[in-house]
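Consider the two complexes below, in which chain A is the common component and chain B and chain C are the respective partners.
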Partner chain A sequence: MKAFNKNNIIQIIILVAIIIIGNVLVSVGIIDSYIELNIVLIGINIILAVSLNLIVGFTGLFSLGHAAFMSIGAYTSAVLTRNFNSPFIFAILMSGLVASLAGILIGIPTLRLKGDYLAIATLGFGEIVRVLALNNDYIGGAIGFNDIPQYTNWNYTFIMVVLTVVLISNFVKSSHGRACISIRENEIASEAMGINTTFYKVLAFAIGAFFAGIAGSLYANYFYFIKPDSFGFMKSIDILVMVVFGGLGSIPGSIIGALSLTVISTLLQSIPDLRMVIYAVILFLIMLFRPQGIMGDTEFRLLNKKEVKHNVSSKGK
Partner chain B sequence: MLELKDLNVYYGAIHALKGLNLNINPGEIVSLIGANGAGKSTTLRTISGLEKSKSGYILLDGMKINSVPAPDIVKLGLSHVPEGRRIFPQMSIMENLEMGAYTRKDKEGINKDYNKVFELFPILEERKQQLAGTLSGGEQQMLAIGRGLMSKPKLLLLDEPSMGLAPIIVNEIFSVIKNINEDGTTVLLVEQNANMALKLSDRAYIIRNGEIELEGKSEELLNNEKVRKAYLEG
Partner chain C sequence: MEFVIQQLINGISLGSIYALIALGYTMVYGIINLINFAHGEIYMMGAFVGYALTTFLGLGFIPSLIISMITCSILGILIEKVAYKPLRSSSRISLLITAIAVSLFLQYIMVYFVGPETRTFPEVVDSERLMLFDGKVILDTRNIYILGITVILMVLLQYVVRKTKTGKAMRAVSQDKDAAELMGISVDKVISVTFAIGSALAGAAGVLVGIYYNTINPLMGSGPGLKAFVAAVLGGIGLIPGAVLGGFSLGLIETLVSAYGGSIYKDAVAFAILIIVLLLKPSGLLGKDVKEKV
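The block that comes next holds the complex of A and B.
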């Protein structure tokens, strides 16, 4: 197996170049704090949308609780960096792991539910997490968690976005990813093929939750302050809208969805009431004119140009 | 090869299989015939580990497999082609076949079996890259059977392959089932189309309300008065 080919090297050079350019732009002040704020927000939303897409778009599990995983990650990171002075990279990793563990715990009992039932169960899970956080004084309860050190910057955001996109794209293309897609396509047939559908559903949930936890960590350590209501039901819907907007089962779609809706929402910041209305209208128009999302189910060909090849020797006629 | 002994299956309070007995010898085509709701699909689903039996035995080459999980049943050489052409619509034909080989690791063997499937169903090779959801009903059924073969089964369980298909297509599919059997795969064929199934199979069981009502050589059942009345006429 060739781990690196020419393409990979070019990709890595491009990525390193982007990181360096970003740093230069930050240091000379072209990326000022306002632009940086938006870049971080876009990055966090890309991570959230791509990870939710794995659950909803690829595996076909209708989850309405993605913000809860983000919340778990955010609080984990806040506690670790503020109360225990732990290094940020460790906090990021732990946020992912704790969120992922929560994903597994909630996944095992609920993932045998189908469709609407699963949606309601995940909705309930999101509310439980929020209420638990509201009533836990150690993490600030309803007042919120203050004085979180600000570690998130351009570098962390960019690297985490790239890692999320690359790892989830690769997962989706692997045979494990195929198993997840086959569950979405037809669960009964998938079982009949000998695929352990429960295992793969929990796996998709765990991976999705892992990255949502990382997004939470980036969020907490950028904004100094978090409160349970930042990660409520509406945030879960927000993420879902990005995924649907971009296209269920399309990773580039999720990136474009996160990017465009974050920008729209920033532009509408001064009129928060209108924001939800415009969101609803956008969603309505998408469903009407392009129900498969902006990108349909387009897959990434940018990061890995290798076309899917089937090794079937065609027989001579 | 496969033996069901006094098999009982419940869905909650519904007693779907009531002490079922059935036996399949290596190399045979056995058909299981019955009306809607008789318990045919339940029988197949229980054999392949998708439903749990309450009591009784499922013996595969003498080994009890009642509580073996579904993925391991596939590895033991049982392949289940479910009712209603459950293909993966947004995957290509090729990808569907790949999924059929999911439990296998032997790349070379898998490649050989793609070609075997393509020999049985040349149309699938022509349409290799086409999305399975865009195939006609008959082609989807061919794909479902081809996909079932990709796990390299000793015993192929087919659930109503003729369902909703024109007679000419049914003929085509049944003649392929015959070919598959002649290549050494044992077949358990579930059908409502009693006439076709009895003509194809060596032996048959007639199931009614979760119980075997009649069994015997297929030719004999074809001429059996009761069978003619209930399943072949009208």
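The block that comes next holds the complex of A and C.
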């Protein structure tokens, strides 16, 4: 397939148009700071959900520590932009790389574990990162990290969301992505087919962590202030819920999941007393009536209609 | 030396509580392979029921312990019937999220009704301090109560699981659900009994924490809940002796780490030990390795 075929050019034109429209709306004032806040939050959550979907949905690795990578990215970016005055784009990139490095370091030993045990190990990793951040004075400890310059805006958020979605969906369609899917479907069989399962598991983990780090960077440079407790176990669960709600192994699903759950939790802020109770009931109802998620495992076919639906849609156990 | 003994006494008390909660985790996991994240909240409810009984009804320690255990086991059965049973055939991940939803629901419904503030548990057990080693080691009678009740409950549990017909059915279901059903065992009933027993133990742990640390609040379940779960995995999840071993070791490790100046890192140490144990022996300290079958 040529890089500059009709579809790709149309897509790029549409994306550029959206960026310009967004900028116009911001400058005219139709998107005020409250709407912008929610758009940035939705963007960050989409990046987190899509990157976790690569790990949980496509590769079948049950991770409960995704917020830890986000926190590593957030702190990296905060330190770089505040203490070293580095340009934001460099900070974003470094956040991704540092988080990805952490993903590789934690992934190589723990990815030998399977199922629930992997979930517990990643949960433990997330808690360890949180406790270490709480007790590190350089990054503010329990008080939090203050005065982070606000660089994140509509442009950065949108471009990063598009990059994440495009890169991860292309990865999933590549032969490497198919290797990851084969690990999800049957690890022993894919190993017998000559796939280096450890390599691909760590690869998926590292890529997922990379984008989670980027999301962390956007988060830190939007809210001026971060603290270790924002990236605890519950944050990891929130991301997992978005992925499961949207549908494991469906990128459009993750986008819809992130969008709808962010909107739901924003709307619930008007009733602070019962917010978490209603959120819990909604979670339960979603799991009860749509356990496979809104989109099941539907692939991205919004624009590339000619793309053959090649993903194996067998429901694992 | 005296310092170490003092820390061992504190560690065993904390370990008893972890072990009681861990037993519920491990039993539920053994039967339906679910990490029941709502278990920590049942422990919290146990503490609150105990608080209500002792403060407003003026009941003594033992009656409130028993009533609180019964209330918790009813709550456990109710949670299983309402939340987990309709989802039993769906994927593990959605069951897990349901468990988290139940946990959030219980936490915040309690925050809504009783308020988020910390309450003081009344002194229902007279606390006498026994001085050992010329007063260098203090043994509180509450330490003895906690250990004593934990041991009694564990012996009872061991009796139920090993000697009664219900226990036999529980062990059968945990080995092979379908085969057990073919043998005429009502799997639904066994699952309910498991939830009831596990929740009763968590309720007991809640009351014991109330009398030992004297403070309770609606969010108290999440921390010890996670720790007890770590304890269950440490010993080998699904195994009753494993939960006891894991609970006591975790309690001792935490107290010793705090005693030697690492209190700010004690949570991290617990999880680091968990990861190391999982890497060296993925099935836990007492677990048997299962060969991978193709």
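Note that in this section the second predicted complex is superposed on the first by the 296 of 317 C-alpha atoms of A that agree within 3 Å, B and C clash if a C-alpha of one lies under 4 Å from a C-alpha of the other, contacts with A are read in each partner's own complex, and residues count from 1 in each chain.
Everything below uses one rule, namely that contacts are C-beta pairs under 8 Å (C-beta built on N, C-alpha and C of every residue); 3 or more make two chains touch, one makes a residue touch a chain.
Predicted model only: the values in this text are computed from it and were never measured.
When the shared chain is aligned, chain C comes close enough to touch A:Y117, but chain B does not.
Legend: residue contacts after superposition of the two complexes on their common chain; A:R178 is shown touching chain B, with no touch to chain C. In the overlay built on the shared chain, the residue A:V241 is in contact with chain C alone; chain B does not reach it.
Once the two complexes are overlaid on the shared chain, A:K6 sits clear of chain B and of chain C alike.
Legend: residue contacts after superposition of the two complexes on their common chain; A:E191 is shown touching chain B, with no touch to chain C. Chain A has more of its residues touched by C than by the other of chain B and chain C. Of the two partner chains, chain C is the only one touched by A:F233; chain B is not.
In the superposition on chain A, A:P291 makes contact with chain C only, not with chain B.
With the contact threshold set out at the top, residues 188 of chain A are in contact with chain B in one structure and with chain C in the other.
For chain B in complex with chain A, the residues that touch the partner chain are 48, 50, 69-75, 79-82, 86-91, 94-95, 98-100, 102-103, 107, 111, 114-115, 118, 125, 128, 144, 147-148, 151. Considering their complex, residues 56, 62, 109-110, 112-117, 119-121, 123-125, 127-128, 131-132, 134-135, 188, 233, 237, 240-241, 244, 248, 273-277, 279-281, 283-284, 287-288, 291-292 of chain A touch chain C.
Here chain A touches chain B in the complex through residues 175, 178-179, 181-182, 185-186, 188-196, 297, 310-315, going by the rule given at the top. Taken together, the chain C residues at the contact with chain A in this complex read 33, 35, 83, 86-87, 90-98, 100-105, 107-109, 111-112, 226, 229-230, 233, 237, 264-265, 267-268, 271-272, 274-275, 278-279, 282, 292, 294.
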